[in-house]
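Each of the two complexes below includes chain A, the first together with chain B, the second together with chain C.
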Partner chain A sequence: MNRIQTVFGILTLLSLSAAALAQDPQAIIREVQARAKSASQRYEGTLTVIEGTNKVTEKRWSFERIGSHGDSKSLLRFSAPAEVKGVALLVVNHPDRSSDQWMWTPAIGRERRIALQSRSQRFFGTDFSFEDLEERDIEQFDHRLLGEEQLEGADCWKIESKPRQGKVSQYTHSHVWVRKDNYVVVQIENFKKTELIRRAKYSNIQRVQNIWTAHNIEMFDAGRKSRTILVFEKLQYNLPMKDENFTIQAMRREP
Partner chain B sequence: MPVLFLLMLLQALTQRGFLETQGVLYPQAAVNDSGHVIGEVQLRYEGFYKPWSNFQIAGALDLRSDTHHQTERVLRLDWDDRGRQRPLLSLQRLSAQYRHGGLTVEAGKQLVRWGRTDIVNPTDRFAPRDFLTVVDNEFLGIHAVRATYERGSNTIDVIWSPRLTPSRIPLLNQRWFIPPEGAPAFELTRDVPAGSQSGVRWSHVGFVEFAAAAYSGFDNLPSFEVTPGNPVVREAYPELRMFGGDVGVPLQLVSIKGEAAYFQSPDHRADSYVMYVIQLERQAGEWFFVGGYGGESITERGTQNADFNPIRGLTRTILARAGYTIDTNRSIAFETAVRENFDGLWAKTEYSQAFGQHWRLTAGFTLIRGKATDFLGQYNRNSHGVIVVRYSF
Partner chain C sequence: MRLFRLLSWPYLKRHVLRWTLTVAGIVLGVAVYVAMNTVNASVQGAFSDTVQQIAGATQLQVTSGEFGFEESVLERVQAVPQVDVAVPIIEATVDTSLPGEGTMLVLGVDMTGDTSLRDYSMESADDALIDDPLVFLAQPDSLMVSREFAARNRFEVNSKIPLHTAEGDKTFTVRGVMKSTGMNKAFGGSLAIMDIYAAQVVFGRGRRFDRIDIRAKDGVPVEECQKAVQEALGPGFEVGPPSSRTEHFAALMQSYTLATQVSSLFALVVGMFIIYNSFAIAVTHRRAEIGILRALGATQKQVRRIFLLESAVAGLAGSLLGAAIGMAGAQALASSMGNLTQQMVGVAQRTSEIVVNPWLLVAAIAFGIATSVIAAWIPARNASAVDPVQALQKGKYQVLSAGENRRRRMAAAILAVVSVGTLFFASWKPAFYAGYLLMIGAVLLLAPALTLLLARASRPLLRRILPVEGTLAADSLIQTPRRTSATVAALMLSLAMAMGFGGVTYSMRAAIDDWMTTALNPDFFMSPTANLVSRATTFPEEIGPLIESVPGVATVQLVRNARIMYRKVPVMVVSIESEKLRATAPRKPMEGNEEEMYRLAKAGKGAIISDAFQANHNLKLGDVLELPTPSGIIALPVAGIIRDYSDMQGALFIDRSVYVQNWKDTTVNLARVYVDKGENPDDVKQRIQKAIEGRQHLVILSNAEIREYVFGLVERWFSMSRVQIVVAVLVAVLGIINTLTVSITDRRRELGVLQAVGGLRMQVRRTIWLEALSIGAIGVILGIALGLLNIYYTLGMVRRDLGGLDLDYMFPMPMAVALVPVILIAAFIAALGPAEAAVRGSLVEALEYE
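The block that comes next holds the complex of A and B.
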């Protein structure tokens, strides 16, 4: 009897904890972050930009990241189209403030710092802005649970994220949809006051090295009515990488 | 086995390049040049071979020609890029790069750029240019050994170049050379110094980015020595020492960039002077604005008769640049330089459009106005339209 009581007690405690976790948006996002954590990441991305006029252009980049979330660095380098081959972006994410970003353009042999006021600019004709290429860290946002919704047939929490002081953002707030079954973010809507600026939809979610990962991101620019679909290929986590490959000098090293 | 070796070789090789044709139309005739239309074609191939993660060989080859004898007509592989005309076939880059930890060493022909500001860079001492078209110039590679050590947010860059690569100045029989009024015909001889040049730059990355640089070598732009009665004008490259720095401060509304340098020469013929640039940058939607001022203060005047210095020629000038991205494939750009006394004006507008994955068309017009006594104004008959078609691969 005592044993049954103990098991019942543990189950009650677990379900209460789960309920408490479910109601705490900060804890949900923390869990999202914990489950997505990896020491490094590498992929090759194909970007299909579909303008409002239905004109389609394609770009490709390779991406490498070391570290995770607020303590990470990433380097992406274009491989297509031919005229931007070698153009690179270095992003250094910080836990307590906005990232630092530099862009390298081989044709002029100079790197250029991307100023904070330029982060809302489209990144090389895609619908991603420079800010969208940062990694979000939980500590830079306040979170509020807005409710629960079904999205693409999956039960989700809908959470509002507002940037804290010190985090400079073009967005006043974002709505984030997190799947309940695997804690994967499936949609983010970014707003400036009440106006929708961009919507990112995450799909084709597959488990890679025990991390549930969206292999497609569709970014919609509400102002321009254009969208960019980023498809991840050859995605790998936890590869051995060196910090020295994520510096301005490394960015300048071609190709 | 050879197939496997070839596959390994190809895996370590990356390449890119372009084929570009350009047409330039000058509506006005020039005193020394009756040509109104110039056609140019350029093929550039760049290859990077990286057999190991810390070693890379980079090369770039240019094949070019034009209708106006700006390019040599002799087919030979040029490694120096020191001729008066552009070479027909030239190695723009051939360098080996080795990396160990934070240290990168690159040796060979390479492009070296210093400085932070756009339009004018006083500290950019290792970057000679091709000034055959003065207002639309391109950078030349130099022979050098460059060691860069990066630790945390600090980088030390040390460069040694065994000899000077002079900037390519306008050809005497072409419109970008403005003959002095009433001057008799003359011949130009060149005296390129044999000595080496070296420099060091320390840069720091943080909220405020800054750098300090020092250079010892020669000016890559010539001064001219005229002897009365002698039809030979000597082109000299005086010794030069430069101490300078640059700074970038990203603020909420604008980014401020500044660059300044003090130039001094043991050669009494050369001026000693301070050159500085201050500029503001702002991004607003798809617009990009840069506005600034380039200034100069001569601390000691040299005894030279004349010089050709487009960098100093762009000082005492208000500089501005704006760009607008229409969509993924189309953009427009405006650039202008106006002398503070309004004696000279240069204004350039350009429209560019990409077609598919490989093609880009650029069309533009450059307006030049001003007095013949002003550096910019002297080219007042050289306003021109340009159309460029580029195939990138």
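The block that comes next holds the complex of A and C.
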């Protein structure tokens, strides 16, 4: 989901010189981040999980974020189906360390902290992991340009991201494809050593309030052979939001 | 071998019944030995299996006794650099309302992280809604169940399961069926998984966890991780491998294990007497054959070998059959014994399968053979010493010579004197047990003489009852003390053992009755479950004042009890409102001053310990107890020692303020409720129920119900003594049948003559019956006499090694009175067959006999 977050914010088209950045992967990613930057974000998402056995489940949630890249807070609240309505997840991102995450289950009336050690676990039966929900800052990774490739007809840089020492991650490295024309991330492959763990594909890229934003993300779990498709609706940036709405107390409040 | 074929085989074929009875002695001993040990091993094995199966990849576990600890401890553990995964656990057994299911183990886990340690693979992705864990977490009624459990109850996803919880009877929904992994087999397959935060609510845990399961980081040795976590948490917590839970359970079961060992040994010793009796009789009966063999050149060694070989064969046959019967018995007993131990020690386990230990079977068969050979040793030696000339003189070898009698009495006197001497050193365990064995040895040596004495004493009485039959019966006993005394000795020993256990039960019942009258005197006891030893479910302390505000309620006392580790042994801590308790149920200390005891306890400057706790840990007044708590070690001096039976292993009492402060827990297990004088308890009960309705589900038990419950547990715990009475009866039947069978064979001519001169068949029958009743009566008299001594030693054994309970010596008169008709009826029944055999034989053959 950090990839989701990353992609949500990197779709701003700026006419910077691609050539000038081409040799510096750090600069490319910084530019991706800069173009995606917004003070806040809100959308309604539909999550469809397609199991390897073709069993399909669907959920809906609303999402709000305040802040950006490495210094943001987000609150995700499920709205359907009825069994999970009201369940919320609060993510507080930090620039220098992994995020803090809490979950709220209204039927029990309890919040629970998602331990750092649990971040590699699947996010509630989807093909995202809890770690994928983090919004990570460029400074937490080292980047290396692997080359240039065409993906879905678009020219892309293929960049390798490796977590820096001290950064806790289930992945040893990731391959990130960034479109040259708009600095939008269109694919991320996450690896554990040489084994592909997950692949995220970003599509239906539209310009929203001057930020190029993918409206579809398809996450593929290579181990389970299952897919999760996240579709964004009613996406808006830079809405007025309050910090106090991104606390454990706020999470407990029914909307 | 040729001699065995020539001498033993024809004899064996001619006396199938007698051999069957002989073998039955070994069958009995080995069967009880195998069954008791197998059940014991199975109960412990089931617990160990469950621990291992639910441990998954867990390498270490953090516990703080049964009280658990605050949630914040989890973050302290997760922050330890050597820890890779640390997840919280709540473990509880709950009663299901499902037919035939009984209790079920519910594991509360945090599904967001627990999959790192345990395999929750689902049975079928299509059916398993748990593949949507969000629904599982969002709905507090969610349960995952094992495939075995689902199959047994025909459950599938979305099926409903009724469970008794702290919130009353609640219905849960199956949201996943787990694949058949190792974990699924835990607790006999009756396993369910639920969300830990839902479990906190359902089991009244507040914001606490029972334990934390840990996996060390890759490359970090477990010992290093253990040390790091222990340092991070301090000495109030226990950090150890999952297997340490098994050790704790074994420690709790120690007294039970010892009791089963004693019982098994008793069964084997009894079996030994039956064998001895049979062979002693066989040697006497076959002396003519032995004489002929010896005259033909057989050596003494060869004759001895024949009998020892016979005994080995009998031992082998009896052992094999006994082992098979023992295993079958264990299978039948395992489940109920598992339930019993769960009720007694309050530790969840479920024994659905028996543990087949090949070494136990080998050992049992070896013991059986050895017992048989040892028992036959003296008869075999006597057989080898048979003088060929004397061999044809009937009855010679059934009479004890004056010299032999004198030697036996002398030896008995020496053993008795040494045994009495050991009483002066009885505080030293080996001296105590040596004295016990010497006392039994002395009585056994005296058995023939005492049998003869009592037989002679019974002659006038028997003659008065039935002049002819009575005299013949008494004379038969007097003339052949060797034939009778082994049976009497076996009966005496088994009755004495039964009396010993019965005496403990009797004393225990009296002591508990007294204890309940003084200590358990509230009108009501309120608990989240009807099972009072289940400490898994608690309720908030706020309920106490709520109950107290009900009109008619005089006072409410809150109790929280659970086990903690003290000196590496699980001990029961009971937190009490000491001042309130003193006002309603003051306890007189066995040691210490009552005023001072309660003052120190109330001030949090002392603990009150039970006599069993004192004995088990060798403590005295003023000794300082160092108790581990989540806040660290607290030091409490022993402020008083009281007689208490709250727990078999002993209990220590602390004030509730000390508990709340150090364990950071305000929950309650039990509320003791006193009703105002003049109030109708039933009316008050109804008002209480109304007051707590919707707030808290609590079971209200009356004082009478509690008494019944406690006595029920005691009765079940000592049900073993009833098993021993059954064994005693069996011994009586087997021994008496054996003795009478030989007696009739020996007296065949005599009985034939009796009939020839006009004796009626009924007179012969009555003679045999009276002989049997006399053996039974002598056995009962000597058994009760030895029982008087045995009770003393058994109580000593209980005080030393079976829980440290200091019980008063009490003679179980009702049991002794009950034993008389039971044994006499058994003796009479045993005599029916032989008596019929005696009157139905050919008179001509009988007269031609010998």
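As a working rule, the second predicted complex is superposed on the first by the 235 of 255 C-alpha atoms of A that agree within 3 Å, B and C clash if a C-alpha of one lies under 4 Å from a C-alpha of the other, contacts with A are read in each partner's own complex, and residues count from 1 in each chain.
FYI, a contact is a pair of C-beta atoms (placed from the backbone, for glycine too) under 8 Å apart; a residue touches a chain by one contact, two chains touch by 3 or more.
Small disclaimer: the values here were computed from a predicted structure and weren't measured.
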Partner chain(s) touched by A:E254 [first = chain B, second = chain C, both, neither]: first
Contacts of A:T46 with chain B and chain C, given as first, second, both or neither: neither
Partner chain in contact with A:A80 - chain B first, chain C second, else both or neither: first
Partner chain(s) touched by A:G125 [first = chain B, second = chain C, both, neither]: both
Which superposed partner A:S62 touches (first chain B, second chain C, both, neither): neither
Which superposed partner A:E244 touches (first chain B, second chain C, both, neither): first
Partner chain(s) touched by A:L116 [first = chain B, second = chain C, both, neither]: both
Partner chain(s) touched by A:Q26 [first = chain B, second = chain C, both, neither]: neither
Partner chain(s) touched by A:T172 [first = chain B, second = chain C, both, neither]: neither
Set of chain A residues, in rising order, touched by both chain B and chain C: 49, 51, 55, 57, 81, 83, 86, 108, 110, 113, 115-118, 121-122, 125
Complex contacts: residues of chain A adjacent to chain B: 49, 51, 55, 57-58, 80-83, 85-86, 100, 108-110, 113, 115-118, 120-122, 125-126, 168, 224, 226, 244, 247-249, 253-255
Footprint of chain C on chain A - complex, ascending: 49, 51-53, 55, 57, 59, 78, 81, 83-84, 86-87, 103, 105-108, 110, 112-118, 121-122, 124-125, 130
In the complex with chain A, residue positions of chain C that touch it: 74-75, 78, 84-87, 110, 112-113, 115-116, 125-126, 131-135, 137-140, 195, 197-198, 200-201
Touching residues (chain side chain B, partner chain A) in the complex: 14, 16, 18, 48, 50, 56, 58, 97, 99, 101-102, 104, 111-113, 139, 148, 150, 155, 205, 209, 248, 250, 252-255, 281-283, 286, 288, 325, 327-329, 354, 357-358, 360, 390, 392-393
